Structure formats: C-alpha cells, structure tokens
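Structure first, commentary second.
Order of writing sets the labels: A, B and C. Residues in every chain begin at 1.
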Amino acid sequence: MHTDQKPILEVKSLSKNFGGLRALNDVDMHILPKEIVALIGPNGAGKTTFFNCVTGIYVPTEGEVWAGREGHENKKLNGIVPHEITKYGLARTFQNIRLFSSMTVLENVMVGRHTRTKAGIVNAIFRGGAFKKEEQDTVDRGYELLKEVGLEKHWKDEACNLPYGAQRRLEIARALATEPFLLFLDEPAAGMNPQETVELKELVLRIREKFNLSILLIEHDMGMVMSLSDRIYVMEYGSRIAAGTPDEIRHNPQVIRAYLGESEDA
Amino acid sequence: MDWQYFLEILFSGLTRGSIYALIALGYTMVYGIIELINFAHGEIYMLGAFTAFIVAGILGSMGFSASAILVIAAFVAIIWCVAYGYTMEKIAYKPLRGQSRLAPLISAIGMSIFLQNYVQLAQTAEFLRFPIRMPRVEFLDVLGGILRSSDFVILVTSAFIMVCLSVFIRYTKLGKAMRATAQNRKMAMLLGIDADKIISLTFIVGSGLAALGGTLIATHTMQVGFGIGFIAGMKAFTAAVLGGIGSIPGAMLGGLVLGLAESFTTGYFAGDYEDVLAFVLLVLILIFRPSGILGKAKVQKV
Amino acid sequence: MFTPKRLIRSALISIWFMILVFPIVGIRIIKRAPEFFYDRVLVIGAITFVLAVLWSWYFEVYKDRDLSKGISSQVSRKFSALSEKITNDKNTALKLILVLFIVFMILPVFTSMYQTTVYSLAFLYVMLALGLNIVVGIAGQLVLGYAAFYAVGAYTYALLNQYLGLGFWTCLPIAGFITVIAGLLLAFPVLRLRGDYLAIVTLGFGEIVRLLLINWANFTGGNRGIANIPRPGLFGLELSPEASTIYIYYLCLFAAIITIIIVARLINSRVGLALQALREDEIASEAMGIDLRKIKLSAFALGSCWAGFAGVLFAARNSYINPTSFTFMDSAMILSMVVLGGMGSIVGVALAALVLTLLPEYLRAFSEYRMLIFGLLMVTMMVFRPQGIIPPAKRKYYPTALQNEENS
C-alpha cells in the first residue's frame, strides 16, 4: 500500500535495562505514513515500556529511535524529554487513564493545545487582542475535537464524572489537540463493551483519514487488532517475536505458542 | 590531639543521636505504614517530657530514690503518650486515610499546633526545671568525666530498646504484620491482617519510643518546655530521612549520624550554626538522595 | 438520640479523655508542691461527653454513607451553591465587590488608628495567601516555608534602606526581583521532588532563612531586628504618623486588589491551565507538551514575588522587623488560609485570609485560646470539608460554535 514511503517512525535495536532486568531486547520497528500498526503480546512483554522509551519517558539503554513527519527528515529522538517529543509530533494516551480529573472535559482537551499556543505570563496579565484570540481559538479547536470523538455535549462536565469508555475517548481527543503525526494508543479498548469497541474502531479509522495520522496501538482485543491494523508486531519477554500482516500473524506458530502456551497438538 | 575532648564530643554526639533515633523511629514507622509525615510526633516527645516532669514532681516529695522515680516517671510517660498517640491517630488521621497527601499533612500540622498550645495553656509558657537528676553511675568515675552518668544511662537504655524493637520487628508475628502492612496494605488485609489495628500499633510503638526519649532528655537537660517538640521533631525527621524514611535501621543510623554531626560541628567549629546544620542536611539529602542512606530509590510506574 | 448504648459509649470516651488529659491539665507543679485542678478535668470530660454523643449520633444517622453525605455536607452544599452564585453570576459578584470596595475605602474614617493597622495587615495576608495559592492551590506544589519569601522581601527593604539609604518606592521592585530570585533558587533543586518531600524541603528552606537571619547578626541585626524603617512618602512629602498609617492602609488595600486582579487573570489563561494540569497529573501534563521545569519555575516565581511585595509593605507598616515575624507558624497560618479557604479559589482564600487575621482581633476574649482553636480548626476542616470553604470559580469561556447555535 504505502511501501516506498519514508517511515515516519524507525526503531533500531531498541533495548532497555532496569537494573538487572532487560525489559526490552533489541526491538526493531518501523511505521509508514497513515499506517495503523498494532503491538501485541502477553502482559509484561514490554509493550508499554516500548511506548515509554519512544515517547521520552525512559531513556533507551541501547538502540535508536528516529521519527519525522511525512516530507521531513527523520530526527533521532533518544534522550529528548517527553514534552519536546510531543511538540515534535508524537502524542499518546495511557494504559491507566490519566485525565485531569477535576478539570472539565473541554479543559482537558484545551491542555492539549498548550504546545501549539504561546501566550505567557505577561500576556495573561495584560490581555491583548492576540491573547484573547488565541484563548478563544483554543476553546473552539478543543470543542471541535470533542465533536470528533462524540463528547461535545459533555464539554462542561467534570472529567472524572464521565463513564469509562467516554474517558478513553476524551484522552484521544486530548492527544489529538497536540496536532501529532504519530499517535500512540495504549489499550484504548480496555474495559469497553462490543458496541463501544466498534465505535472506537470507526473513530480510529476516521481520525487517521482526517488528521493524516499514523497510529501505533497496544491492544489485547484481538478482534479489533485483526480488523483494524495494517501490520502487527508481536512481543514476548521484551523481544520482538513476529511481525507481519494480520493474516501472517494469525497463523504464526510462535505467536500462538506465546499466547496459548505449548499446545498439545491442536 | 586532645583525646579527652574528642571522646567527650563523641559521647555527647552519640547521646544526642540516641534521642534523635528514638524519635526518628516513630516518624519512620508511621511514614512507612501510611505515608504520612506525622508533624505532631515531636509533640508526643514533648508530652513525654512533661508527663515525666509531673510524675517526678509528685513522687519527689514522697521520698523515693531518684532511680525509682525516673523509672516510674518513664513508665507513666510512656503509657500516657501511647494513649495520646493512639487517640491522635483515631481522631485526626484515620478519617483521612486514602485521601490526597495534603489533607492528612494539614491535619497533622493542626494537631501539632493544638498540642503545643494545649500544653502551653494547661501548664505554662515558661521553661520548667526538671526536679530529678540522673543518678550517678559510680564506675564511670574511672573514665574521668568523659562519659557522664546521664549520657551513659541514655546510651544504654536506647541501645537496649532499639535491640528489643529490632527483635520485635524481625521475629514476632506482630512485627511481621507491621512490615507486611507497610509494604502492601491491601495484600496484608487479604491475608487476614487487621490493618487498622496494625496502624494503631505503629502509632503506639512510635509514641512509646518518643515518650521514652522525652523522659530521658528531660532528665538529661533538667528542663522541659512546651516548644521542645518542634525543633527536636524537625531534627529527628531529618535523621529519619537521612537514614532512609520507612527504614527502621535507617532511623537508628540516621539519628546517630545526625547527633554526631551536630556534636562535632559544635565542638570543633562554630556553635551558633548547630540548628542550621540539621536543616541544611535535610535539604541536601532530599535534593540529592531522597531515599537516604539505607533506603531504596522508588521507581514510579507510568 | 439518647440511647443507653450511646450514652454509655460516650461516657466511656469521656472518661478516657479525662484520664488522658489528667497529668497535663489536672496537675501543675509551678512552685514546689503539686496543685491539682480536678475542675478543669471535669470540664474536659463534660465537653468530650457531649461531643461524643453528637459524633456517634451523626454517624448513626448517616451510617454506611461516607462522611461526605452528612449534615455538614448538606450545609456545605448549600454553601457551595451560594458561593458558586457569587463567584459565577456576574451581577451578584459585581454588587458584592462594589459593597466591599466602598466599605474598605471609607473604613479608616470610622475606625481607630489601631484598627486601621489591623486591616492593613489583613490585606497583606490576602496578598500572601493568594500568592501561596498560586503555588499550592493551582499548581499543587506543597510549600511549607512561604514565610521565608515574606522575610526576604521585608529584609531587602530594611537592609537596602539601612546600608544604602534607598527609599520605599525604589526598594519595592528591587525586593520583588530579589524575592523571585530566592523563589527560583528554591525551585531549581526541587524540580524533581513531589508531595511530601517537596513540602519538607521548603520547610527546611524556610527555617534556614530564619536561622540565617538570626545568626548572621552583624549583617541582619539578629534577634534585635532592624528598626526605624521609613514609611513611604507621598510624592516626596513626609507624613505625620496618623496620615502615614492611613496612607499605608490604602497602599495595602490597593496592593491586595491588584493582586486579586492579576491572580484571576493568570488563572484564566493558558498559564493557569498548565499550572492546573501540573497539579492534576505531572506525567500526563508532560505528555501533552507542558515543559515541567519551566512551569514549576514559573509557579514558584509567581508565588514568591507577591510575598516579596507584601514583605516590603509589612516592613513599612511596622517600621521594625525581626525574625520572629517569619516563623514556621506564620507559614503554616498562610497555608491554612489557602487550604481552609479552598485551594485554587480566589474568593475563598481571600476570605479566609481576612477572617483568620481579623477574627482574633474581634474575639479578644479568646485570644489565649487563639492558636489552640486554630489548630483544632485545621484538623476539623480536614476531616469534614477538606476541599475548603469555597470551591474555585469556574473558568469563563464559551465555544464559538455553541454561541452561533444559540444565535441562529
């Protein structure tokens, strides 16, 4: 589909040690523009650690992470702090929802606009025309994103009062507010019922098109993974054990064994 | 090299350090189990000193020997302060368990202010003279005054108590329950440990130790006052952090280290800056090694 | 309400407290012989008995529900509704502000000189509490040594005046600047710290400043302090003591008003939003592109500069300062104003500052028990209403899309 393009994310031999524990071992990965790639594997395989290394929360012990928007050169991301990486264009959601609970739904999304706006302390105190325009713009863009995820009616509600599935969608809206080119979703469907999962799938496809995103998602819901992803990477005990299209992965014996254990002759 | 002076400074530092250690244990145990800095802990120490003072004052006129009075005073102080600590926990901390970090801290500060003023109003704002002197231990005369009697008594008592505590924590069922609850309360509860009782026990033990410290210091300095809790509390907290907050051996070690540091600084350098030393140490440790000497660095899960 | 079981239980609790307080309250040994005060102990017994009855009845009636649903919660809900109306309904707010403004403007005419100085101090505490509110209430960074910045401001003016002869208006911006530097000095090393550790370091910092002021007597005057600090002149005119007291009063009033306006504007802006996000979740904030270092430094700088300005005004008001005005108790007092008033709420915090400064003056009869009640109040508030008296006002914004919908 998009094979000749420059990958917008390239991970080479990424490794991460925590003291004596090797949480990531020589992981390679690449993501092309507008691809939806899934990262799957049993619990403890290192998937979230991988996310954290790429988004700057951990510094890789070995290996390199390169990323860049379509049409731009890739830049090495090792050692760059998380907020710079977000500014660069990589955004994420969290496995355990990390919303700003006592702020409203709209305010949560507005925080996402922080990195694309610039009014400072002086502007806040003196309130010029440019400041007010930027503030209103932040509000409006935030509202648009809420519409995108279907939460616009709740814009005034406190984020902690939203139902679980809505909270996950809010996290996505917030991440989108940072205008990323690569979006990391950490178990976005966790705890959702089948109906919500279908809606989530449609949402992901929609935002890929509308915002020209590549998406890397960690997910355990195999139905969603198989039907949504262009490609899949499989991890186990910190290493990459398989990569390929959903079909290839479905029939890969190593993957099957990783998930189901040694089979007694299926 | 003036060995006499050196040894005096050394023992003085160890004595001070022992008192700090006794108080620091209370801080560290409570922090370890409910992650609260018990601001009012210093006040328990002060209450111990005052209670001992009262008992000593009453018994003094009755013709008991000094040793007997001190032992009785210590017992009474410990029992009463244990009650204070237990009550304090039930009123000011238990209702706030599980809330944000700020609420229990404010409550603790409020408790500290309340207790200080409570004693000030009920007794007096002035310093009072502790009536009983530590009885002389005769064989120390051989050492020619390097080690004073009251230093000796404090060192021996503290060492004994700390050994008992270590044995208790390590080998008894309750001690293990305390360690378990400190590490993972939910799991401990699932295993049948009554977390509420264990937390109360922690406060009880901590308060008892502080009360003992208060009694010893009152006898040592021959003085009690409503404000002694604050500074001693801050220093003991510094000691607890220095050794590694949450670690019981750490509190003991931290106490001794701080005591020696203060003593040597006062003895060989400027005397004025003694109090500043403790706070500077506190700030430096928290900035550069918050886990302290014996503590483990905490990794936060994202 | 008066079931036998409850009465017995309350009696037991009451006896427990009577025994508990007996050594301290019931016995005094000021002179040689011990004096016994059984009546005091009985009073305590009676009070605790009544409280125990009320407490257990309260919990009985609202059994199985958590504390937030009892009477206090109903009262506080009504109170919240009222305060929301005040803070969010523009008309009510404006009327209230106008009334207060007029009252404070004409106050010096009706009260004594002494009262005027009391109110000046109250306005200074409003400034201090709002400044601390930025750091603790909005940004969620717990600071326990705030009085240190207050001291830095006051001593900067006093020392600049003593050694270089600089006047009030010259020193005001300089002191603000130096206090901000102090704030950044504290902030830099603690950027990585959170929660309790941060609080303790700031406490240590506060104490170090105070102890340095005491011990460095050659420079700072030590415990004796610095006297003869000049009051600000009015366009170069020297004022009589009464006139300058009133002058200071108005300066403090306007300083407080300016502080309120600026803090309100800061909160309702991109900066304020980022500070709040910092309070809610640091890791998520960072992931959303907020530079944690920069925002924390900003919070500390903003918070400390108000204390600096207030310090200068304080030194001018008193004409004399010494280290005893800047103890941990003072820091704790300011912190309580923020927490009791409602973290993040301008109205709540300002109100708490005024009440906590003015009330002790009006309840002179109880002045001995002032700090005792204060400590008890802190504990009680945390148990029953930890979010403070007045919740923060809602941010004012409205999506254009919705406006258009309503208009069309």
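Heads up, the rule we're going with is that a contact is a pair of C-beta atoms (placed from the backbone, for glycine too) under 8 Å apart; a residue touches a chain by one contact, two chains touch by 3 or more.
Quick caveat, the model's predicted, so the values are computed rather than measured.
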Practice prompt. Compare the CA centroid of chain C with every other chain's and tell me the farthest one.
Written response: A
Practice prompt. Return the chain label for which the distance between chain Cα mean and whole-protein Cα mean is smallest.
Written response: C
Worksheet item: If you average the Cα atoms of chain A and of chain B to get two centres, how far apart are those centres in Å?
Response: 50
Discussion item. With centres defined as the mean C-alpha position, give me the chain B-chain C separation in Å.
Written reply: 30
Discussion item. Just the number, please: Cα centre separation of chain A and chain C in whole Å.
Written reply: 42
Item to complete: Two or more other chains in contact with one residue: find those residues in chain B.
Response: 302
Fill in: Shared-contact residues (touching 2 or more other chains) in chain C
283
Item to complete: Could you check chain A for residues that touch two or more other chains and list them?
Response: 57, 94
Discussion item. Touching residues of chain A toward chain C in the complex: what are they?
Written reply: 55, 57, 81-83, 86-87, 91-92, 94, 98-104, 106-107, 110-112, 114-117, 119-121, 123-125, 127, 131, 134-136, 138-140, 142-144, 147, 155, 174-175, 177-178
Discussion item. For a test of understanding, state which residues of chain C touch chain A in their complex under the given definition.
Written reply: 262, 265-266, 268-274, 276-277, 280-281, 283-292, 298, 302, 394-395, 397-402
Worksheet item: Considering the complex alone, what residue numbers of chain B touch chain C?
Response: 35, 37, 47, 50-51, 53-55, 57-58, 61, 76, 80, 83-84, 87, 91-92, 95-96, 99-107, 109-119, 121-124, 128, 230, 234, 237-238, 241, 272-273, 275-276, 279-280, 282-283, 286-287, 290, 302
Worksheet entry | Footprint of chain B on chain C - complex, ascending | 16-17, 19-21, 23-25, 27-30, 32-34, 40, 67, 142, 189-190, 193, 195-197, 199-201, 203-205, 207-208, 211-212, 215, 283, 328-329, 332, 335-336, 339, 343, 368-369, 371-372, 374-379, 381-383, 386
